[in-house]
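See the structures that follow.
You will see two complexes here that share subunit A, one where it goes with subunit B and one where it goes with subunit C.
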Partner chain A sequence: MISQNALRHAEKCRFCFMCRHLCPIQLQTGKEVNTPRAKGLLLSMVNKGAAEFDKDMAQTMYECLICDACVNDCATGYQPPLYIREARTEAVVNDLAPQAVMQLIENVDATGNIYGVQKPSFAQEGSDVLVYIGEVAACKVPQMAEGLLKVLAKAGVSAKVLDNEPASGVMLADLMGYVDEVAQQAKACAAAINATGIKTVVVLDSYDAEIMKQRYAQWGAEINAEIITATAYVAKLIEDGKLAAKAACGTLGACHDDDRLARTFYEFAPIRAIAKAAGYQLTEMFNKERLAKSCGSAVALAYMPNIVTKVAAGRWDDLARTEATAMLTASPEAYLCLSQATPEGKQVVDLYSALAE
Partner chain B sequence: MQVKSFMFDMIRSELEDVVGVENVSTSEVDRASYTVDYFWLSRMWQDRGAEGPKPDIIVRPGSSEEVSKVLKIANYYKIPVHTWGGGSGSQGGALPMAGGILLDMKRMNKLISIDLNSHSITAEAGMIFQQLEWYANEKGYSCMHIPSCLTCGTIGGALGHRGIGIFSSKYGKIDDQCMSMEVVLPNGDIINTLPVPKHAAGPDLNQIFIGSEGTLGIITKATFRLFELPKYMKHHAFLFKSMKDGLAAGRDIMQKTQPSIMRLFDEAETISIIKKIIGFEKRGAFLNLSVDGPDERLVDIQMEIIKEICAKYGAEDMGSEYGEKWYENRITFFYPDHIMDVPQMFGTMDTVADFGHVEEIYWAMKNAIESNFPGVRFIAHCSHWYGWGTMIYDRFIMDNPPEDKEEALRLHNQIWNTGVRAAMEHGGVINDHHGIGLKLSRLMKEQYGPAFQVMEGLKKSLDPNGIMNPYKLGL
Partner chain C sequence: MKILVCMKAVPSTGQVQVDGQFRLQRDGAKLQWNIADEAALEAALTLKSAEDTVTVLTMGPAKLEDPLRELLARGADRAILVSDPAFAGADTVATAGTIAKAAEFLGDFDLILCGRRAIDGETGQTPAMVAAALGIPCISNAESVQLQNGAVFVARRLESGTVLLSVPCPVCVSMCEYTYTLRLPGIMGMRRAKSKTVELLDSAALGLSPQSCGLKGSLTKVISMDSKFPGLRNGPKETDLNAGTDALLAMLQEVVK
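Moving on, here comes the complex of A and B:
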């Protein structure tokens, strides 16, 4: 059902209990089946003919954020997302995926994004960098996209944004695995980027940055430019003195390290530099950097809003044990998820808008 | 009792009324996820493609009151109740062998309080222990209960089987660290043990429920001691010519100083696992230890005394490097590819004894297993030490067990019976910190003799319908 390589990972995880403490969905739902071990065990059972891959099992495979907390923890290097993604492919191919997931895939087919809407355009001309906005910021957190563009303008950076910006493929990859359709999206996106001739691509959403940097080449979708996260790029502008720090705003905040910055890029300092430049006094949540608890992803929020809202609430609980009143983020996905569960007296801050003001 | 026709659905709807529809499940997927814990038999059974023990209904309570109501329902209908925390126990203690209700406690994972005046922390028992430790760490403290299953097991799981952590030689076992508990009795009554662990108000209720493995009630909340995070910790390693010398040195170290970690490996384990994990190449009995404290002078002076003791028993001083390497890799040992796995057959016998018997037990077990079961290797280390004795983390390993699962099960139990009986015959106790579960249940009466009637009396009194975790703990 799944590849031999993915099955090998599942077979190793099926009897290992070591990473369950980090699984944000397990922590919020308390379900055994929402542990990487249980998902590996179930797929092993299917392989042995001892269980059926049915709609319930497919549903289970979607109750995962693919946040990589488990991968990051494994001393040996096994990767639950590998078999979970392949199980999702199986679910879609066999029409077993949850209806909410199938709807998102249909939306992508129809409109190019999971929201099923005409993606708002932030098109502008420029020559220094190409800014890749991504569908989450464009459709759900437009102020963050506007904030980033204002920050770049403030620093004197000539930034181009594509009209009809193509999907990166990251959403489809989370919904149905690394299938041909994702590779096609990647190729189209790479072609559009390469056609600009610009040699620096600033990617606002770290999820988009991840797939571009880590997957595109294997599909023959090389981008002929440097891919850099927006956080790293803006932090460099601050370091180089191209952006002046703002006066202290008097608010104590803690930076949320989003899943990809925390566990793909291991990028921790830039967001803190941006937060300081935006005038925030900083403290830290205990679970930070590589151990930062996920607050959810935009795609998971779209197909299982109740669970992701609980996951986001769990991250707010982490903040509540500090003196901070503001959760600081430069991720449109994190902003969107955290906004679903903002407690009274707390605020989620979009750092680009804060810096741009 | 036989549940007929729509009676099953009637019971299910009663349970849903208590915990909410979303917290009751009878789906095949959910049921299948509870068929395997860390017990070798359940893993082997699954690996051979056979069906493991499934619960009929999974219930995820969110509060002690909900646990209480579920137990009242279970008692009325006389339905077995199995409690599941992290499911990472090695003894089969959580496996739903009798079907019925499986209570997955992981929704009960809230921190209740931290008392920095009394140095204590209280939480619900479904919390993974690492979470509790992080809450303590946030305040600069630690529970100093750091087992290899820190990230896997729940508070209730650690208490239920009398768990232990790597710092036990100084900070004690879970039964030393727990101050008080809330327990839901099988009849649904919610009780609290006394608020402090030391008193003269009769027998200690804590110690009745700690280690009871869900057979006498369900632990729902617990309070633990907090310790300041150690400011200084130093590691060291030594190599002894024999286990005999290492055991004698370990005894003197425990009786004259206070290391927090001390591990003595026999030669078979030194040249296999220690070599693989930390790259130690020599033959002999490897010992690593750690000393911690709030003042570096206290740490240093103890380390000096320890070096003198080890020199007295002819140990080679291996310096701090391998002690540090062991500490850095203390959890690595338990990840896939670093630890035994199916298709191998293996087991950890985990015997505890006083210093007067422990060496004799080590040889008795090694000889009994190696001479009776060709193809079975025996390796051991002593990982938790007391002022009066130590435990032997003795493991048997068979690389090519029988392919037939029933035959493999039979051989597995024969090896266990032989090893454990050899330990008991020479003054050892059946288990130090993994518990009894299903694995050792049949041997409990042999261990206790007439004293077992005390436990049977407790069981009959508290759980007259015998619904709580059947087939476990010999009860």
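Moving on, here comes the complex of A and C:
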């Protein structure tokens, strides 16, 4: 049931090979089938009756981070994530998705998050902004959530965090595509946010910010507040003089532009402003800003840890080509993935904690 | 409660082509469901309780079977494709007559929901004609629809506001665009849809003679077709916002003259 629109994106590839050179998974695994264009070809073959959509093909569709690097550089403007997401829907509907993926979906059913645990609460009262922590920070990188809340307190911002914060739906969307189950999560999340009456929502995880800003309205899940990424919000606090810059720490670092900040929001300056305010001297990796190489996503890490660890190591290779010793990030997803492969002598820095110290 | 939703597949904007008889060419065109019809379907799915059934019906080529199946995945219980080469070229009278025949064939519906107009023809006539053919009332331009004790409560859009109407079933209601956001298909819905059949109704099944449907059964004939403002799209590209605004204003003033 791949839509005509998605098939159009799959079938009109002109084989220019650009995505082959950019795909972080292909770069690490070396498998031709891991290029976005190969995934498109496979779906095209299925559509023409020349191949069967089987478990192997479904597995291939999950060997993608949906990092949008291919979209960013596609010469013809096609969007592989469109058909990859729909292929994942097809895989789940037909019980062809990898077992690890199905387990994560069951975890979401049971607990609301892919980790299958009670989501830790960061609940606090406040009135200026609502901070949306997200599943990844809450369950896997709690220090970053705490760091952000400390930074906001330091700037005199009264920040509220919901108790029993609902899932945004972004994780389920990566696992099974844009389906009604995801829209239902979005509606519940929007309702909880709207019930606070707060007009500014600061979103820690840019993956959550993306789905809220780009998808919620078309699913009838409007949020009656401004959605702003935590990086943009904190950078503005620094610019407005509400947060004082720290003394230089003497460490040379390079900022990692996470997938969504890099290619959805084109938000490059805020993270660098935060890094400077945290006392870091900055250099740049060759693959930066819109061309930043992905280091993995939390969802992909959960169902294919070996591949994502290799992908994260690939990002560390980029850092090794500079003089920097620190990879600087304000993304819980990036922090989690980079931490899986930190080389000796290097460190991954959570910028909110660094700024809060 | 039996609800029928009439859906129309229309060419995506900008891809409209017509043949020598000024009939829209749907075969090669990328199609989408008419926006107001999507609102009608969502209204039906919102009203639907466990005992109710929602049937979607469309009239068009055989290639609409897959898009209809997707509507089953979104929550419709039954999908009907009214398709026959004899139906080609139908105007609103012939279309409404065919749909009404199909509705009669399928059984007594309590509520028929349609979009108020299609984005290709923009006549807005078909819902009222279907209702007339079936001998039931029609409420057009609905913004919302609710059911209570066998009656339909409709908020109907007027030029100066909204009027609330109550009508006993059976009734036909045509919905305004963007009033309801059509839900996404769910995983369970897609699994259910796989085992369902899209039912085909042709002219023989409906007992329609070739003279009473399609182009032959139409009362109107398109005798010419022109672009209202030829060449407007081929003007110079303007990259400066202010200059572009001035150019657009001048162009609009020229059109108004």
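The rule we apply is simple: the second predicted complex is superposed on the first by the 353 of 357 C-alpha atoms of A that agree within 3 Å, B and C clash if a C-alpha of one lies under 4 Å from a C-alpha of the other, contacts with A are read in each partner's own complex, and residues count from 1 in each chain.
By definition in this document, a residue touches a chain if its C-beta (ideal position, glycine included) is under 8 Å from a C-beta of that chain, and two chains touch if they have at least 3 such contacts.
Computed from a prediction, not measured in an experiment: that's the story for all the values here.
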| item | value |
| --- | --- |
| Fit or clash - subunit C, subunit B, common subunit A | fit |
| Which superposed partner A:182 touches (first subunit B, second subunit C, both, neither) | second |
| Subunit B versus subunit C as contact partner of A:26, first or second or both or neither | first |
| Touched partner set for A:41, first subunit B, second subunit C, both or neither | first |
| Superposition-derived comparison: subunit B or subunit C, residues of subunit A touched | B |
| First, second, both or neither for A:74, with subunit B first and subunit C second | first |
| First (subunit B), second (subunit C), both or neither touched by A:92 | second |
| Touched partner set for A:51, first subunit B, second subunit C, both or neither | first |
| Contacts of A:353 with subunit B and subunit C, given as first, second, both or neither | neither |
| Distance in angstrom between the closest Cα atoms of subunit C and subunit B, superposition on A | 11 |
| Common interface residues of subunit A - those touching subunit B in one complex and subunit C in the other | none |
| List of subunit A residues in touch with subunit B within their complex | 12-22, 26-27, 29-33, 35, 38, 41-42, 44-45, 48-52, 54, 56-57, 59-60, 73-76, 78, 286-287, 321 |
| Touching residues on subunit C, where the partner in the complex is subunit A | 30-31, 66, 69-70, 73-74, 181, 183-187, 189-191, 194 |
| Subunit C-facing residues of subunit A, complex | 1, 4-5, 8, 89, 92-93, 176, 178-183, 218-220 |
| Touching residues on subunit B, where the partner in the complex is subunit A | 27-30, 32-34, 36, 38, 43, 46, 49-51, 60, 84, 86-88, 104-109, 126, 128, 130-131, 134-135, 137-138, 149-153, 331-332, 334-338, 341-342 |
